[in-house]
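By letter and in written order, the chains are A, B, C and D; residue numbering begins at 1 in each of them.
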Amino acid sequence: MTTAIPESSYSVDVVERSANRMVLSMGPQHPSTHGVLQIITEIEGEIVTKASPEIGYLHTGIEKSAENLFWSQASTVIERMDYLSPLTNALCYYLAVEKLLGIDAQIPPRAQQVRVLLCELSRIASHCVWLGTGGIDLGALTGFFYCFDLRERILDLFEASGGARMHPNYIRVGGLGRDLPSGFLEKLDGVIAMYEPRMRDVRRLLQKNPILQDRMIDVGIISADDALAWSLTGPTLRATGIPYDVRRAFPYSGYEEYEFDVPTRTEGDAYARFLVRLDEMDEAMRIVRQVRKKLDTPGAWQIADTKFAPPPKETIALSMEALIHHFKLVSESFRVPPGDVYQPVEGPRGELGYYVVSNGDNRPWRVRTRPPSMYNLQVLKKIAIGELIADMVVMIGSLDPVFGEVDR
Amino acid sequence: MALGSGGDFLLTTVDAVARWAQSSSVWPLTMGLACCAIEMMTATAPEYDIARLGSEVFRASPRQADLMIVSGRVAQKMGPIVKRLYDQMADPKWVISMGACASSGGVFDNYAIVQGVDTIIPVDVYVPGCPPTPDGLLYAVNLIQQQIKQGGRGGILARA
Amino acid sequence: MPSSQTPPAGATALDPTAVRPDIADVVRIIRVVPAALRATLEELKGEGFSMLLDVGGADYPGREPARFDVVYHLLRIERTATTLAQVGAPDRVRVLCAVGESDPVLPTVTDLWPSADWAEREVYDLFGVRFDGHPDLRRIQMPDDWQGYPLRKDYPLRGPALERTPRPSFALKSNVAAGTPASGKTAAALQRQIAQARGNNSFMPGSGPAAAAQSGSQPGGTVSGGAATPGQLAQQPVNLKTEDNKS
Amino acid sequence: MTEARRVGFVYSFRSMSPYGPVAIYLAVAFLAALAFCLLPGLVARKKPNPVKSEAYECGVEPTSDVSGRFPVRFYLVAMLFVIFDVEAASFYPWAVQMHALRLFGLAEMLIFVIVLAVGYAYVWKRGGFQWR
């Protein structure tokens, strides 16, 4: 008996309905899919026999919008792609643009340090959201409150520096939007001091929790071969034993000056990914401490060349050149010489890459994103076969997809 | 029920009590779309604590939810889904359109985004911001409670 | 949205990939014709490029030989690399394959790298380039009954349907009358900034009072008296009202 | 005077048969349950629409007709739960009067538990608890 699935917003080929097999849509609105993911699962009792994730429910046409905005405006939409670490998106895009412009060597050291600081802080904040919501999937509600409170302190730093909690638009071409405000470093010291005890509590709460261990050990095992074949990167790849980290392989924005190590495990199951991300948060804080020491010395926070970076506001009313540069940048932005470049960055979910093409105009010709979440999520098709539905929930949480990035 | 003013007094009191009960436990639907969903989750976290308004119980099924918070941009593929979820919610129901993307398409004026969720479902409160701060969402839930108390959609006895 | 008076782009390159500056982002760039694509990728996989990083599309309408570009990024990582030294800086290769508009068909690589499945579906969905041999080639991002391929350059930004409906006219912002700053404070604040900047303006060597400063007073446009800043600024009050009216 | 009447009210309970309060308790429980079931149906507003009556399946059109056959494991797990849940429930009356029942009650309870433990061990060994 074959049941024809009606053609609707998703199309599934006709599913052979054997005696006790049932098609279940773990649909776009589901408490444990971490966003708008639909998985058409064919189940036999509680065992998943075929899982085909359907994405596109958050497709925002960001790459098309970016093609119709100026080079400096495009980061507005690009930051809204991976909304758990927007600054990493902005940094990756601007590094690519600066490479095309050929000014990537002139970025002042303080700007690079602040960029590294903000990206490591957003890595911690992003892992806090993963740990919180992942814990809720397994019933650990207290972890959610602990992690979101730590994230709240980090968002205060983004709000103090960039002006907004999530999409501060603080990283710009040639450096930063403005210098760090006064009082920022004291707040940063507060966060650094608070991190250690808070993470010790979270680890004591979750790491050796027998329930979490039973639910995560030997669930969603990925071998190193599969990880490479399915193009997994980030904590998902490092949990299978391969220590590929873009910050170490292709250092950018001054990462070679900081020493941190790349945590890896070998089991490749959900618990290994859990431990890798926890260790990664500690490494990120280690970098933040090293950058903190460098931030005491003031310095230029933007390249001096005002053809790309708008001149300071107060000089506009004083000098004609500043006014002209300001007006030109605001009204029609700068032109980027024709060419294409691929710039990778180590995002919280893996290698986030931008393949930016310019044809010499003042708008990007093409901004192709390499979305780590999409490739990490795709492996669900393979590892969910033969597992319980409850384990598939744990797998989704351990792959940490962000659907703004998956669907772009 | 041709009761004199006495009857009205009885009905208005029952209505007032019903509306007070309804407004103090407005249960939202678990439907997180994009960045605003993260701020919605932060609103349930201890710093902003939506539990003070009685709305911390996020129901997974539309059958048990009174409030739909459209938190994020609605893609073309998600439009019919949001419409179906709204229809499947039990009456009386309210809608908060959280953020610029849900209210008007926001920064994404392109082919992929529904330019304002009020083109597909009736919206009661619009929250500005991209994303709005959790305080903005708490204030929106407050406005919904005031609407309920003033009988915006009618109390338990109203036939609206 | 960008201002409409942007001058048409002058020297825009039709094929940016041909005139690219030498940026050290990839070890090798290989441009292949569709016929040789499959062989090149198999050979690269043999050389040890075990990870297909990304499959992306690009559209160059004016370009002569072929309109669409499908871009493959590959990364060489040994499966047995367990230390940072062994991983080192893995080689990255970009394979560009141009395919025409008449029959945009390319061989699939999902059998070489399973990660290409969704990536190829997305290139098909947004550009219309078909991959024959793909197990399940259908739209991935757009709804299944969507017409047209959105990321092509000739596809309108707001989509065919929306393009016809005019933009909603937003309510007039009546609360800000033209010409008057929102509140007296902003004018005074800018005055103080300028005075402070002039006080230590090592930045602008020898520039006289900026042209922006208008001498003479505008009827009724008196700058708020409270901003009595000492020094030469008082003789030439920066009268913001006239500036606002003019620009 | 008032003293007698208050006593009278209390007194009237004692004159009823010992099962009077139990009957009242059951009647009130049954009526309350009935009220909670019927009242919303009568009083609450009704705004039916075709989509609202369809099955809710995470927001998409329902695909599988739910009348399909369920694997037997679901019923097995349900029945096992009922058995051991009732067993746990039957501890309460004994636990409340444990001192009064003294050794006899304890022995009785132990036999009861041992019998069920044998069944538990049998199910465990036969893999009734394993889902695979």
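Here, a residue touches a chain if its C-beta (ideal position, glycine included) is under 8 Å from a C-beta of that chain, and two chains touch if they have at least 3 such contacts.
Remember, predicted model here, so these are calculated numbers, not experimental data.
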Other chains in touch with both chain A and chain C: B
Most central chain, Cα average position: A
Chain whose mean Cα position lies farthest from chain D: C
Inter-chain centre distance, chain A versus chain B - centres from mean C-alpha coordinates, in Å: 30
Separation of chain B from chain C, taking each centre as the mean of its C-alpha atoms, in whole Å: 36
Rounded Å distance between chain C and chain D, as computed from the means of their C-alpha atoms: 63
In chain B, residues with contacts to at least two other chains: 76-77, 81, 85, 109-112
Set of chain C residues in contact with two or more other chains: 1, 141-143, 150, 155, 157
Residue list for chain D, restricted to those that touch at least two other chains: 59-61
All touching chain pairs, where touch follows the definition stated at the start: A-B, A-C, A-D, B-C, B-D
In the complex with chain C, residue positions of chain A that touch it: 7, 9-11, 55-56, 59, 61, 63-65, 67-70, 73, 99-100, 102, 224-225, 228-231, 241-245, 248-250, 261-262, 264, 312-315, 317-320, 323, 331-333, 335, 337-343, 351, 353, 355, 357-363, 365-366, 368, 370, 374-375, 378, 382, 407-408
For the chain D and chain A complex, residues of the former touching the latter: 57-61, 63-65, 68-71, 73-74, 131-132
Chain B-touching residues of chain C, taken from the complex the two chains share: 1, 141-143, 146, 150, 155-160, 162, 167-168
Residue numbers on chain B that touch chain D, as the complex places them: 61-63, 81-82, 84-85, 87-88, 90-92, 154, 156-159
In the complex with chain A, residue positions of chain C that touch it: 1-3, 5-7, 9-14, 16-17, 19-21, 23, 25-26, 50-54, 56-59, 71, 73, 77, 79, 81-84, 87-90, 92, 94, 113-115, 117-119, 138-144, 150-151, 155, 157, 190, 193-194, 196-198, 201, 203-204, 207, 210-213, 238
